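Since the structure comes first, as structure tokens, the remarks are kept for the end.
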Amino acid sequence: MGSSIGRLLRLSTFGESHGAGLGAILEGCPPRIPLDIEAIQADLDRRKPGNSSLTSARAEADTIEILSGVFDGKTLGTAIGFLFRNRDANPSAYRPFKDKYRPSHADYTYDARYGIRDWRGGGRASARETVCRVAAGGIARQILAHQCNAEIIAWVDQVGHIESDCNTDRVTRAQVDATEVRCPDPDAAARMAAEIKDARSNKDTIGGVLRCVVRNVPAGLGDPVFDKLEADLAHACMSIPAAKGFSIGSGFAGSRMRGSEHNDAFAAVNGQVATTTNHSGGIQGGISNGMNILLSVAFKPVATIFTTQDTVTTTGKSTTIAPRGRHDPCVLPRAVPIVEAMVALVLCDHLLRWRAIQPLPATSNVIKTEK
Amino acid sequence: MGSSIGRLLRLSTFGESHGAGLGAILEGCPPRIPLDIEAIQADLDRRKPGNSSLTSARAEADTIEILSGVFDGKTLGTAIGFLFRNRDANPSAYRPFKDKYRPSHADYTYDARYGIRDWRGGGRASARETVCRVAAGGIARQILAHQCNAEIIAWVDQVGHIESDCNTDRVTRAQVDATEVRCPDPDAAARMAAEIKDARSNKDTIGGVLRCVVRNVPAGLGDPVFDKLEADLAHACMSIPAAKGFSIGSGFAGSRMRGSEHNDAFAAVNGQVATTTNHSGGIQGGISNGMNILLSVAFKPVATIFTTQDTVTTTGKSTTIAPRGRHDPCVLPRAVPIVEAMVALVLCDHLLRWRAIQPLPATSNVIKTEK
Amino acid sequence: MGSSIGRLLRLSTFGESHGAGLGAILEGCPPRIPLDIEAIQADLDRRKPGNSSLTSARAEADTIEILSGVFDGKTLGTAIGFLFRNRDANPSAYRPFKDKYRPSHADYTYDARYGIRDWRGGGRASARETVCRVAAGGIARQILAHQCNAEIIAWVDQVGHIESDCNTDRVTRAQVDATEVRCPDPDAAARMAAEIKDARSNKDTIGGVLRCVVRNVPAGLGDPVFDKLEADLAHACMSIPAAKGFSIGSGFAGSRMRGSEHNDAFAAVNGQVATTTNHSGGIQGGISNGMNILLSVAFKPVATIFTTQDTVTTTGKSTTIAPRGRHDPCVLPRAVPIVEAMVALVLCDHLLRWRAIQPLPATSNVIKTEK
Amino acid sequence: MGSSIGRLLRLSTFGESHGAGLGAILEGCPPRIPLDIEAIQADLDRRKPGNSSLTSARAEADTIEILSGVFDGKTLGTAIGFLFRNRDANPSAYRPFKDKYRPSHADYTYDARYGIRDWRGGGRASARETVCRVAAGGIARQILAHQCNAEIIAWVDQVGHIESDCNTDRVTRAQVDATEVRCPDPDAAARMAAEIKDARSNKDTIGGVLRCVVRNVPAGLGDPVFDKLEADLAHACMSIPAAKGFSIGSGFAGSRMRGSEHNDAFAAVNGQVATTTNHSGGIQGGISNGMNILLSVAFKPVATIFTTQDTVTTTGKSTTIAPRGRHDPCVLPRAVPIVEAMVALVLCDHLLRWRAIQPLPATSNVIKTEK
């Protein structure tokens, strides 16, 4: 349980950090969508470790192998299976910690739940599982681009106490990728990079906040009551390892406002309904209103720090631990494509849900597939 | 779609604000749980309008009628159906706005999605639907209390700029209910009440933040990857009308910390594994660790304000609107039992999911129902 | 669990036979479908007891009360809630059997599963729950008629050893309803009615087989592998109380054929692909091929017979039982609208699933709801 | 959609017949179950082609590679991923038929649904996908054996007009596997083998019926209304390629009986409730009663026959086709482990569902994982 997400576009994943590999099945993809595998790989490369001075040294090519569901470069409409072999797994590095619970990791809770634990680098709880999210999100992103030109851009908005100053309506992916830290505000980016390096040099780690904008989302996506678009986005983003908070539109700041300030007045713009402000973050009553969707995700600092900490053994004795391994001092830069992937999966799922309720022309007695 | 939540304990609801009534089906409830209907009604009474100077004047008794699934005071294990008739519906009050989109309401987005709209007071998008959440949450809460003594307490932590100062480990329900505003810090409560009244006297509304603690949650609840406990809690809480943000444990503040500060050291306490701090908020790797679960939900100010605003008609013409109706100047006090209900539903669902994977004793060839 | 069916068009039901009432939520219905409530009631009237000399004497008007999801005669796209109050419940008639397990009823198995049982007339296991199926199926049938003119006709094909001789391609609903037994072959119908009366006069009951044809089903409905159309139809039909067998197309008889006899040759008919025979029953590889769908459902004789039988008490002692109550000597005539309803629900669900994967026109950046 | 089955034990599969390979994710498996991989492989070997004079010559080792979810020989409780590489794929053999629809195959219906088709040997519609079912069913079978000693045995009961005569209560797997045709009645087995060879020598194929018994199923498995055990079994079995009919207990024969003959009297046997006959097939009201579960599945003759048949091209022109390829003259022998697998998956899913509703001891405030 728990390894699947989505209702019509449904992603199921498997794999442990230092096992044979990780893989997934993506079900419900519409047929005849041309897939650009290189673009998917480009997203994977943004996530993979070892490609920046700010990230873990684990060397994984993370080259996707698509096993089914794609034929002559197009989706078949059937389940897409894909696989990543683990190449640089090093389970023995974790043997010293196999009988100790690493603080703020999932070691203890997995034991409490299952009574058995793959102690090799976090097993199923490792953030390595996000490789499958990014691959599936890359497919979802192409469906969205194909169907409605939707564009999803995330960036590092805050690291520790350092905040950026960006125009959310204009941020481009090129700006995001221009710095290793993936912050489109160059000045803030430089200070964030210094902060991350300072944390690492102190054997420490640092948290931060990602921000994400989605443009060209048509009005009408989202379901009433429990599957509101913001609820599904919150679910998807809060399932990312280390996520501690989620907000949509005005978020926590909106809780300090009065209605007269917060309400988004409607206006007719080029024959379309628009709002003159966007505190709603593109969603009203759980359904997109056609304005940009704006959301934030807060991440805690990485739990693996290289100083000695108090903990207990698996038999409940007090002890200390000084973790080793290859870890990021800050997950934010690598989390950018992960958040984009989760947002893409949710929006694509809701695009299909929207399609499902569109009536056929009345009294048509022939359904023809629109080739 | 969208009117159901939960996997093993599954709530499905129906009903429009000014239609015949609202109701629900709660599936998956274990059998033979004694149900205290009065306690459920007490939760409903905390949510219902008209019982405080701070809330809407709509007069609804909101008396639950249970139609099935309970026999001789105990759950049967079969689907529990229940119903609330609308008594004080007043659809005609909304007729003047039927061809205009109220700003920051769901009027426009429902039209964009469905091409048809029940304009009577928000229809399905009205917060009136939360009456079914509270009833179902009341049942879930009794199951949790029966099975593991879990205790769920929410309170108003912030209204506008006014923050409370509470000891989350000690807050009691009696303290919460001691003030109309449902803030256990009496000094803050008084200032919050004044702030809400000030907003109302200015024909305005005000937002705020709820905080919730869950005690006595056993370690081991939650599923890996996509159904992490915090992800399901975020989904449930962000589906509440007007919710704009969610956080678990350290939340957004945690994003400013370093790992050495944020990590929760393990210690053996009375033969049990515990942590000496609780930045994790009771959940690690998506699974409960036995410490108190701590979460916050941010709410925007109510969209219905009684001043004239710019908007458009359903045919896209510019116009103005000055809403009327019976609305709360601040949803926070009434949202307390709603957040508690959503948290109860998620935890109870995960309690059943936890039960499902517990192996039977090996080589038992008789399953006996534990009466 | 178990009280819901369907993925996109999802029916959830509640209610016990002699409790307060029965009801349901139908989610996922497309918006703006005009609903003919009288036609739904007409289906309910075909199912209700007391309207023929061949059926139970229980007097239930079974008048549907729709509580939500319909506005100005059209579907809103939101959850449709509906309710049937029990009017002629008579729980005390079952008190004598409350400590005995009626043979071939669900008394023992509910006790084994739940450790508690609503002994009033079968409780949740009573065929009375099918009233909600017929109502929901009536809605699904109207959606199908509206979208693709699909027509679903079931009839009594066999009672005991008496078989009918009908042309499945030409049977009409008028022919079916022309006889109380609902067999369009008048000669067989007369003999079936005599057989049922003979069983009743012997305090006995009798089984039979229903046959169902669906016309105007577009090609392309059904999903690969596990959600094949015939698999979902089998699931839906085998969930009807007393169903013991299901077949599609050639069914069990097809198992005796050779491939050269069984294969359906393709031919081009009026510019459409058709088959010259229809052993496939309108489904190939789990997906409809545009030919008539043909299926059969076998029903066992009703378990309530009015002669003394051996059984055990709830504490495991040997005893005898001589059931009383108001029961049908043969379920087949009343099962006609139930099978039609289940078939309609499955087909409508798959129609929506088919819609979901139809791509939008490439590079459209505006989704417009087709009003 | 459609590539997943099960609610708590959930199998999702992918893969085309002549693509890179086939694989699956099995979610929800309880932790700490020792897995005998050799036993799983033994089931796979019973299904694989090329190991009998009665089956296809395609040479696939079908060796399972488990990629995750198993550690030190035991299940982790996390998702189990596994993979089968295609070794003997030969897509070019299908090129001549790429523009023609093979009669009674899924070629036309996949085109009607998706507007694109993997023409290489049936693609996703090929029975080759059942390799994943057998692997997952092997795991489910071990869970069932571990938890309740349940034993699942299927066999070939009928080939064409030849019927076997077996004592369902006593059939053993050794008897089933003693003949190539997998019929435990040696005399019937010999005649069936001759019938299959006769069909093949005439370039033809032949259908038949499988029968399956499940012993040691505890009473209490199954859910009311829509997820009745027989409904879920019907769904699972009717999703197997070429299945045309399903029956439980007395099945279609039961429809000819009177209630006085069909009812199963209860009796107390060794302190347990039992029935003196078993027309119910071990299930009453959708819930197992502890008696043997008995079911049958009818299969049509294989569609690939080697004689010339009428058909149409993908552009709707009349033509003829004379299929080639490597196919079975009769699927029945290889379908034995497939039916067993589907039955195992359904029963194991319901075992977990049963576990989920068992209450914890009242007022326990500590959940301890039972190691």
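In this document, chain identifiers A, B, C and D correspond to the written order of the chains, with residue numbering beginning at 1 in each.
Just so we're on the same page, contacts are C-beta pairs under 8 Å (C-beta built on N, C-alpha and C of every residue); 3 or more make two chains touch, one makes a residue touch a chain.
If you're wondering where the values come from, they're calculated on a predicted model, not measured in any experiment.
Shared contact partners of subunit B and subunit C are A, D. Set against one another, A-B and A-C show the most C-beta pairs in contact at A-B.
Rotation relating subunit A to subunit D, from a C-alpha superposition: 180°, rounded in steps of 5. Once the centre of each chain is set as its mean CA position, subunit A and subunit D turn out to be 37 Å apart.
Averaged C-alpha coordinates give centres for subunit A and subunit B that are 26 Å from one another. Between subunit A and subunit C, the centres computed from C-alpha atoms are 44 Å apart. Annotation for subunit A: residues touching 2 or more other chains are 1-4, 8, 13, 28, 31-32, 77-79, 112-114, 124, 219-220, 224-225, 353-354, 356-357, 369-370. Contacts from subunit A toward subunit D in the complex involve residues 1-4, 8, 10, 12-16, 19-25, 27-28, 31-32, 65-69, 71, 74-81, 83, 112-118, 123-124, 369-371. Interface residues of subunit A facing subunit C in the complex, by the touch rule stated above, are 8, 28, 30-33, 77-79, 146-149, 216, 218-220, 224-225, 352-367, 369-370. The residues of subunit D lying in touch with subunit C in their complex are 1-5, 7, 11, 13, 101, 103-106, 108-110, 112-114, 124-125, 129, 158, 160-161, 199, 202, 204-209, 219-228, 230-239, 241, 243-252, 254-268, 271-273, 275-276, 279-281, 283-290, 298-305, 307, 309-312, 316-318, 353-354, 356-357.
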